[in-house]
Structure formats: C-alpha cells, structure tokens
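The structures come next, written out as structure tokens.
The same subunit A turns up in both complexes below, where it pairs with subunit B and then with subunit C.
Right, the complex of A and B next:
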C-alpha cells in the first residue's frame, strides 16, 4: 500500500513539471503584459517601461524567467502579485476557504442526490422515473453553468425572493471577522443570531449551480454501475436467500456499485474547480476562481501561475486520495 | 367607544415602542465591480481602486460634486503668484485624522506635513515609503508632476507653498485628482515603527467623510461615517461596497434590494431599469472622446478640404446607433459637453456623401483614392468596437471613391506606431484625467505633434497652439473658457480629425437613494447620498 502511494506520488512529479511549463507559456502567449495592461492611450515613456519591466523581471530572457520561477517554486515561493503586491500564498489562503466551502457543498449535494437517484433508477429500470431521470441527467450535464446560474438568480432570487442573489452573507445585517474563512463556521462562531441561517441561504443557489453537472454524472454512473452489479450472481444469491430488498440493494449491490462512482467523484473535483470559476463570478463568491479570472485580465503572471499550480496540486492529490480509497471500500482491490 | 380606547392604547404603545427603540443605522450598499489593488490612489490607475479609496481621503482641492469645477478641499484658499511660479495654499485648521484604524490614534490634526509627505512619497526616491507596495506612481508621472513642480515648502502648519518650474494653472485640477489624496504622515511613522509599512496601503487612514473599517478581498469593503468630518457630513452611517463583478448579477442584486446602487449597468439592461418603478437611472457623457485622426503630414490629408470631405462621408448617426447601442453620443468637439469651455455653437459636419465627393474633386483628388484606416485591436471606454466602426467607415468611404484598407496591430504596438505617425488615418481616443479642458486640447497641440507625441494628426496650427499655451498660464477661468471656445472653432474648420463619439455612462440605483450626483469624471462619491 505504502509503495503504491509512493509510486502514485512520484508520478505526479512530471505532471507538475508539465503544468509549470504550460502555465508559464500559456499566460505569455496572451497579448500584452502586466505593464502594457496598466497603460492607456497616453502610453508610457521608454525609461519607465524599461524600469517596470526590470522590476518585474520581464527584461530577462524567457528561459531565465522560467528558471527563476521554478527555483522560487522549489523553495515554496509562489511569488508576489504584480497588481496587489501581496504574496500569492497569502491571497490564495484568504480566498481558498470560500471555494472549498462551495465545492464541498456542491459535491455533497451531487452525491446525496445523485447516488439515491441513480440507485432508484437502476432498481426501477425502464420505468417512467428511470427515463425522466436519464433525460434530466443529460440536460443537467449539458447545462451551460452561466445560463443556469442566471436563470436561477432571476427566477428564484429576484422573482420569488426565496434566496439572496449573491455574496456569502448579508452585509447589512451581519458583520464579523473571518476566523476560519469558512462562512458556515464563522457565522456560528460570531454568535450573531440568524447569521448561520443567512450563510446557508447564500449557499443554496451556488451549490445547486455548481453541483448540477457532477450530480448528473453521478446519477448516470450510479445507475449503470448498479445495473451491472444487479446482474451479478451474488446479488441473485442474496435475493434467493430471502434478504430484504433494502439489504440486497443497499448493502450488497450499492457498495460494489460505488467503486466507479468514487472514481467519478475524484475526477469531478477538477470539473468543480473549473465550474467554480464561473459560479463564483455569477454569484459574487469571493473564491479562487474569480481571482484567477481577474488575474488573466490584469496579466498578473505570478497570481495566475501560482494559482493554477496550487489548484492543480489539490486536484491531483484528491485523485491520489481517491485511488487509495478503493482499497478501503473494496477489500478485493489491493495496492501492491 | 371601547374600540376607540383600544386603538388609542395600541397607538400609544406603538409610539412608546418607536421612541424607545433607537433609530436603525442607515447602511448604503454599493455594488462595485471589483477589488481594489490597494487603498492608496497614488499607486493605482483604475477607477475601481480610486472608488474604493475615495470615501477615506480628501485632497487639497476638490471637484464640486457632480461637476468638473474646483472648490476648496483641505486647502481653504490659494493664491497664484503674478509670475505663476508659486501657489500658496492656506490649509484648513482643526481637520481630524481618522482614529482607530489598525490601532492608530492620531495625536494631532491634519497639517502641511501630511501634504508634503503625500507628494514626496511619489516624487522623491529617498522617501521612506517610496518603494513600499511596489512604488509605482503612474499618475504622478503621467501628469508630469515631477516636471511641473519644483518643491513643496511649509511656512507654518497651515501654510504651504508649491513652487513650479513653469506657470501651469491646470495643475490645480491635478491636485483634485485621486493620486493627490492626502495621507497621514503620523500614521506612516506609526507603521514604520511597528515594522509593518506595507499595511499603510491596505488599511487606509485619511481625513475623508468615511473612515475605513474592513476589507475582505473580492467580497466586501466597509466604511463608517466620520462624525468629525470638517465638511458636509455623510448622511448614512455605514457604507458597504459589495464587490460584484458580473453586470447581470449587479442588476439582479439591485432589483432584489441587495444593493442600493450599482455601477455600470449593461446597455441592454438600461431600458428595463428605466421602466422598473423601484429603480432609477442617471446618465451623463463620459469624460472621453473617440476620434478618427488624419495624418496631415501625408498626402492628400495635408489639404483641409480632404479632411472635411472625410467628415462628411461618414454616416456618424448610424455608427452611434449600431455600435454604441445607446451608450454613446455623437461628438462634435474634442471635449465632452459636461466640461466647462465646451463650444455648443460649433455645428457638426453633416453626413453628405455628394458634398464629400465634390470637395475631394475640388481638392484635385483622383478617385479611387487609396488610404489605410487603422483600428484599435481592443475595446476602450469610448469605443466598444473599433473594428466594426472601421468596417462601417470603409463602406461609407467606398461610396465617395475612397478605398480604405483596414489595419491593426497589437495594442502597445498600435499606439507606438500611430504616435510615430506611420498611419494615414487611425482611430483612437482619450479618457480625461482631471476635468480640465487642457487635458483634452493638448492632444491637438504642436508639442504633442512631434514624432512619438500623442497628437496623432500631427497637425500643428499656430493660432490654436498659442491659445492653448495662453490658456494654460492664465488664472482667469472665464478667459480660459473663451480661448478654448475659439480653439474649438479653429479645430472644427481645420478638421484634423473626425470626432466620433463620447460614451454615455449610466448609473443605476434604487428609488430610495437620494442626493447622488453623477460626476463627469466618472468617480463615485457617497458623501451627500442618503436613503429615504
């Protein structure tokens, strides 16, 4: 098991090297650099331009810039934002809890709705419920997040007034210091009456929007996996033994059917991060997705490079963790 | 009878409750579009960052709310020396500096040291804060402050002398700009001693109508009313900036009552906002101009008849209608109509292809005439789609026998080449900085017509230029306005360019918001704004 873990971790090294290179190159392919973006019609004097470029290291050959970047990364230095002058790690740490909170809620929503829905569809295969669910899951999977988010905002928040439009908490009613960065926890710690409920209300729409795609995938995956398992001999045996349907489906079938579903959940973390970029923008959610979008606009090279590396690292490690989980969920799978 | 007694009792109880309960604090929520880079305007270049710091600071001179005219700020008066080389400011006494931010408690009122500190940070490399937070003072450099200002000297705590290298009246407008915000020198010392100078730009301390409370990146900025403010006090107790980058989300929040005021609604939403009984709109010309410059150093644009013909060949109203989609107004002068000195008597060239063709013939131009037409590769506040405009111009020009080849370059390269005068004709524009007409008219001055200068027409007219320089050194605003009006007539007749449009800036707010005055300079001020 340990050997397998080391192998998996070792395999992430080339991925990180490739990522470092790709993020470094990709942002430089976008026309304009941080200095250009700062200047308007007036332009900038050649002396000031040279000074700015020198300060940012942009006057160095590209291979040297890349070398310096990798060297700094190896020392745990993700650089400093050229826009705010803050350390990238500090900015990331400030914003990341909001993204984690939203992503966890979205995943929880997707799993808690998707697994039972998929299981039920498999059990009731061919029924109207099964067919409706499959149609909905195709719709959910192909739903453009931006459109879905705006639709929910206009209908649920603006027209019906059931939830707030955006943000993490009502800024008029509540004000407290962020202790953990997780609004659900901070609102409880604040002791302010109604703050937790308000934080939950703010989470509802972004959770649904971000969770819709993984929900659709999980529901479909659970259904097809369950159908496969339900035709296995041991399920037939369990039924023949006279076990209750709940025990047959819930204990014997579902546990085995969940293995591919867990893979999908692991892979969905990457999708969640991509979805968070849009969801956070629509719902004014102060997370890393929105931050990365702004970094592109401002050509904030360090923020973009550091942010992408950190997000990628998290996605990769979650996937390694999921691989390790297999062995725990299904003892037949052993990592040797 | 009994029922009436009951009503009276109920009324009495309600009244008692109402008087016993303290009045709820008024909070104004402004849905802004982004996070500031920091809270020191001198370090920044974006309107978003200026807006975020504006409640905290004052300047020596203020723009009158909703206008580009000047009024006294932290300087209650000033005197320009007869030779124009010194301006002596009398500073306000008893101005309190914000207390309690970041643990700082000021021991003195605002004085001349704060002014000197604020400018020297930007102008002197050896200043202890010169390099803090990156130390890039774009506006100080761009407004030529280092070239214009020789020194700031304190005569006493409330008298400050600004010595200039050359007479320059528009500098007073520079002093009202955000980069000229006055900081607390004592707060800087306090942070330096505490070993955390970088917090100076993150936790701002000033003398403004609101004091800073907290900032959470990408989420919210909080301010509270400065009860000790020297001038007109804020009418709300708390001011909250809810950072909402997406314009559709801002509009939704405004509709749902989650914010009282939203910046920059989408043109597509403007009509709906106007029809919503809970909302209201404010609109004004943006402090900008989009133009199409003719390089007068290249034939046949050295002939003013050709330039006038170009002005008549283009169907400007259609461009405004189809490209600006309601967010632009046709321009006939270089400055927008909201600025003082605007000459409304100037009549724009009519769209008249027949007359344009006749003028070209009169000028001896043989058709088809081949020209190049440059367009910016980027969207600008004054021009939402330069390429589309170029295509429409190309089609109009073809009708008068002019074949225009469209060209563009990467944005930095575009500006550089156009300023060098490589083009025959090129689109560009300008966004004003300080509301002084000189900040626009210099664009057609002889000094800017040099290779690499910002006068893309390379047009240099002695009469125009003499008036430009005279206006720059005259302290008499009325005399300056007259000169600017005459310059607009000359420039219109000479037609070194075709003025395309000024953008129209919309502001959306809820009906209960009162007292907002839209600034022609684009900034947002909430000092006199109330919620009813």
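Right, the complex of A and C next:
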C-alpha cells in the first residue's frame, strides 16, 4: 500500500514539471510587457524601469528565469500579485476555504440526493418515477450552470426573497474574525445569534448550482450500477432468504453498487473546481474561482499563473488520494 | 469482426434456400437500434430543427441580429403585457430582436461545437495512432503531454489559454479544442493498442502493408465506434464550455450573438427584464440536451457492449 502510494506520487513528478513549464511559457506568451503594465500610463524613468526589470528577474536569460521559477515554486513561493503586492500563496490560502466549503456542500448535496434517487429508480425500473428521473438527469447533465444560477437568483432570491442574492454572509449584521475560513464553522465560533443561519442561507443556492451536474451524474450512475448488482446471485439469495426489501436493497445491493459511484465522485473533483469558477462568479462568492477570473480582468498574470498551478496541484493530489481510497473501500483492487 | 465470424454459421443453419432474406446492412442495424430509443429520436428531431435554424439563419431570422431598434428597447415577449408582435421574443437592452439573435446564436454555437469536434477528432486520431504505433519515447511524450492537459481542470485550462491568446471566437475554439484533445488521443490510442494484438493486424503486417496503410485503413475503422460516440457527446460539451467562456467575457466578444456572451451582461436585467436572461440559456440547454440524447442513442446503437440499462 505504502509502496503504491510512493509510486503514484513519483508518477506525478513529470506532470508537475510539465505543469511548471506550461504556466511559465503561457505567461511569457501574453502580449505586452509585464513591467510596463506595472508602471502605469504615465511612465517612469529608464533607470527605474531597468531596476524593475532587474527586480523581477526579467533581464536574465529565459532558461535561468525558468530555473528561478522552479526553484521558487519548490520553496513554496508562487510569486507576488502585481496588483495587491501580496504573496499569491497567502491570497490563495485565505480564499481557498470558501471554495472548499462550497465544493464540499455541493458534493454532499449531490450524493445525499443522487444516491437515494438513483437507487429508487433502479428498484422501480421502468416506472413513471424512473423515466422522469432519467429525463431530469439528462437535463441536469446538460445544464449551463451559469444560467441555472441566474435563474435561481431570479426566482428564489429576487422574486420570492427566500435567500440572499450572493456573498457568504450579511456583512452589515454580522462581523467576526475568520478563524478557520469556513463560514459555517466561523459563524458558530463567533457566538453571534443568527450568524450560522445566515451563513446557511447564503450557501443554499450556490450549493444547488454547483451540485446539479454531479447530482445528475451520480443519480444516473447509481441507477445503472444498482441495476447491475440487482441481477447478481447474492441479491437473489438475500431475497430468497426472506430479508426485507429495505435490507436487500439498502444493505446488500447498495454497498456494492456504490463502488463505481465513488469512482465518479473522485473523478469529479476537477469538474467541481471548474464549476466553482462559474458558481463563485455568479454568486459573488469570495473563493479562488472568482479570484482567478478577476486576476484576468486586472491583468494580474502572476496571480493567474500561481492560481492555475495551485488549483492543478490540488486536483492532482486529490486524485492520488482518491486512488488510495479505492483500495480501502474495494479490496478487489489490489495495489501491488 | 464478430459478424464476420458469425455469418458462415448463420448461413449453414438457414441453408441455401433462405438466400432471399438479406442480412440487414450496417447502417440499417444502427438506425433500427437508434430509433427504438425514444429519447434519441426526440433529440434528433430537436437537433434537426436547430441545425436548420443555424443553416438558414439569414432567411428565417426576421431582423439582423446586430441592428438596434432604439425606440423598442427591452420590449417583453409578445405573450406578456406590453409585448409587440413585431418582436415575438422581445428585444434586449440595446433594442436588438431576441428571436433573431437566438437564431443566429445557433449558428455560432454549432459552428464552435463542430469546429472543436472536427479539429480534436483529426488531431486525436493522428496523435493517438502515432502514439500507439511508434516507439516508446514518442508514445511517452504524447501520453505525458495529454496527462498534463488533463491534470488542469477543463475550464481553468481554457481560461488560461484564452487569457494568454486574448478573448475571441477563434481562440475559444482553440482553447476548448486543447481541453478536449486528450480524450480523443487516449481513446484512439487505447483502442488501437487493443486492435494491434489481433490476428487480422498481424496478417496485414505479414502481407507487408505500409505502416500508414495499417494505421488508417486497417486499424482505424475498427476504432471508430467509441470515437463517434465521444465526438457526438463532445460537441455538446464544447458548446457548453464555449458558452461558459462567453459568459465569463472570455469567449466570442459582443456584439456576436453567442448565447453565453448574451448572458454575460444579463445580470443587470434579473430584476426588470427576465426574458433577456431566460431565453439564451434555454437555447443552450435545449441544444445541449438534444445533442446528448442523440449521443446516448448512438452509443446504444454503435456499442453493443454498453448495454442500455
């Protein structure tokens, strides 16, 4: 097991090197001089310009710049934002919990509603419920989530006034220190009355929007995997023994049907990050997705570079972790 | 392959007398299996309508998608109070006819989707076959590059590419193609490798056909079924991705009537003019759903191994 983990981690090294190369090259292909962008329109003296160039290392040969870039990355230095002058890693770290909170809630929502829905559809195969659910799942899978978000804001938030339009918490009513960065936890820690409820209200719509595509996939996957399992001998045996349907479907069948579903959950981490970009933009959710898009708008290329690097690194590591988990959940997969 | 093996056996069983009953040809088998699937047929009908709209946008659309009727700004659809028959689906914030913009949008979206599909199909086939047929160094390089592209979340990679190249319709196609390319390459490589071990490839080699012939004429046709399914579903994903870029302001630029771009500044109309928000998204949803339904039907028809459940 441990050996397999090391092997898997070793295999990510070439990917990381290539990723560094990709982000390095990409930023250099951007038209325009990063120094001139920084100096603004009025311009500065040639000496200061040269000084800037030297400070940024842009007067070095390209291969040396790449070497410095890799060296800095290995020391945890992902560069400095040209707009805020903050370390990219610091900015990322303050915003990342918001994205994680949203993604976890979305995944939880997708699993908690997708698995029962899919199981029930498989048990009642061909029924009216089954057909409706499958039609809905095609729609959910095809959903342009940025539009879905706008639609929900229009109906639920604006017309019915049930939820806020965006943000994580009402900044006028509640103010407290971000201790963990997770609003649900911070709001409880703050001890302010109603803060937790307000945080939950802010989470509802983004969670639904980000969870819709995974929900559709999970419901579909659970259904087809459940159908496969239901035709197995051990399910027939369990039924023949006279176990209650609840026990047969819920315990014997579902357990085994869930293995491919877990694979899907693991594979959708990348999709969640991509979806987070859109969801956060729609709901003004202060996470890394919105920050990346704003970095483009502000021409803050180091932030974009570091952000892409960090997001990809996280996805790669999560995928390794998911791979490891399979071995624990499904003993049939032997990591040799 | 399988049918080739089965045929003699069937002939023996039926005997010479039944020669009048012709075995159904390939396309007919596919169609009969496809048409059994209700959803797929509905999808095909919807898709045909959308394709027609895209092809004949100039003829069907009542107005130019770009012309601004300044006296008729934000007219609601005709079934709502204050709607005008002149503008069946209303007008947008600049007084442009929504219906005409949506019809022309079909052209833009389908064009982007098909271009992405075509380019990644061709590049995917070439790179995948080269990867499967060449020595381990070339194979490793191609596979690693594809791994890299897959390690960055799709939309994030597309955003990075567009941020570097600058936002435009062409660059949207480039970005989304790069995102989807690895799937095609992997698919072709994997199925080509599976075919390479089979007897008919060995016999073709023994006969002495050239590598190029072996790649494109002998092996490729047997890898096509999953590839066609992937391409069909790939079009819908490409349309979604391109619309998402448009929505973020990084895709086709205004005033192009791209559905995602039309939604980009729709936020300001949420409270006052909901149809400006609703209609473009609905167009995206219907198009993507219809393509996905057709793709599902194709998968069931082309790939008997993937049973319909």
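Just so it is clear, the second predicted complex is superposed on the first by the 297 of 336 C-alpha atoms of A that agree within 3 Å, B and C clash if a C-alpha of one lies under 4 Å from a C-alpha of the other, contacts with A are read in each partner's own complex, and residues count from 1 in each chain.
Just so we're on the same page, contacts are C-beta pairs under 8 Å (C-beta built on N, C-alpha and C of every residue); 3 or more make two chains touch, one makes a residue touch a chain.
Since we're looking at a predicted model, the values are computed, not measured.
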item: Touched partner set for A:191, first subunit B, second subunit C, both or neither; value: neither
item: Subunit B versus subunit C as contact partner of A:94, first or second or both or neither; value: first
item: Contacts of A:76 with subunit B and subunit C, given as first, second, both or neither; value: neither
item: Partner chain(s) touched by A:52 [first = subunit B, second = subunit C, both, neither]; value: first
item: First, second, both or neither for A:126, with subunit B first and subunit C second; value: neither
item: Partner chain in contact with A:168 - subunit B first, subunit C second, else both or neither; value: first
item: Partner chain in contact with A:224 - subunit B first, subunit C second, else both or neither; value: second
item: Touched partner set for A:281, first subunit B, second subunit C, both or neither; value: both
item: Subunit B versus subunit C as contact partner of A:294, first or second or both or neither; value: first
item: Residues of subunit A at both interfaces, subunit B in one complex, subunit C in the other; value: 31, 150, 153-154, 158, 281
item: Interfacial residue positions of subunit A with respect to subunit C in the complex; value: 14-15, 18-19, 22-23, 26-27, 29-31, 135, 138-139, 141-144, 146-148, 150-151, 153-154, 158, 223-224, 227-228, 270-271, 273-275, 277-278, 281, 292-293, 296-297, 301, 304, 308, 311-312, 315-316
item: Subunit B - residues contacting subunit A, complex; value: 27, 29, 34-35, 37-38, 45, 133-134, 136, 138, 141-142, 198, 201, 214, 216-220, 222, 240, 242-246, 248-249, 252-253, 255-256, 258, 377, 380, 410-412, 415-416, 419, 428-431, 454
item: Residues of subunit A defined as touching subunit B within the complex; value: 31-32, 36, 38-43, 45, 48, 52, 55, 82-85, 91, 94-95, 98, 150, 153-154, 157-158, 161, 164-168, 170-172, 175, 177-178, 281-284, 286-287, 290-291, 294
item: Touching residues on subunit C, where the partner in the complex is subunit A; value: 39, 144-145, 147-148, 151-157, 159-161, 163-166, 236, 240, 243-244, 247-250, 260, 263, 266-267, 270-271, 274, 277-278, 280-282, 284-285, 288-289, 292-293, 296, 309
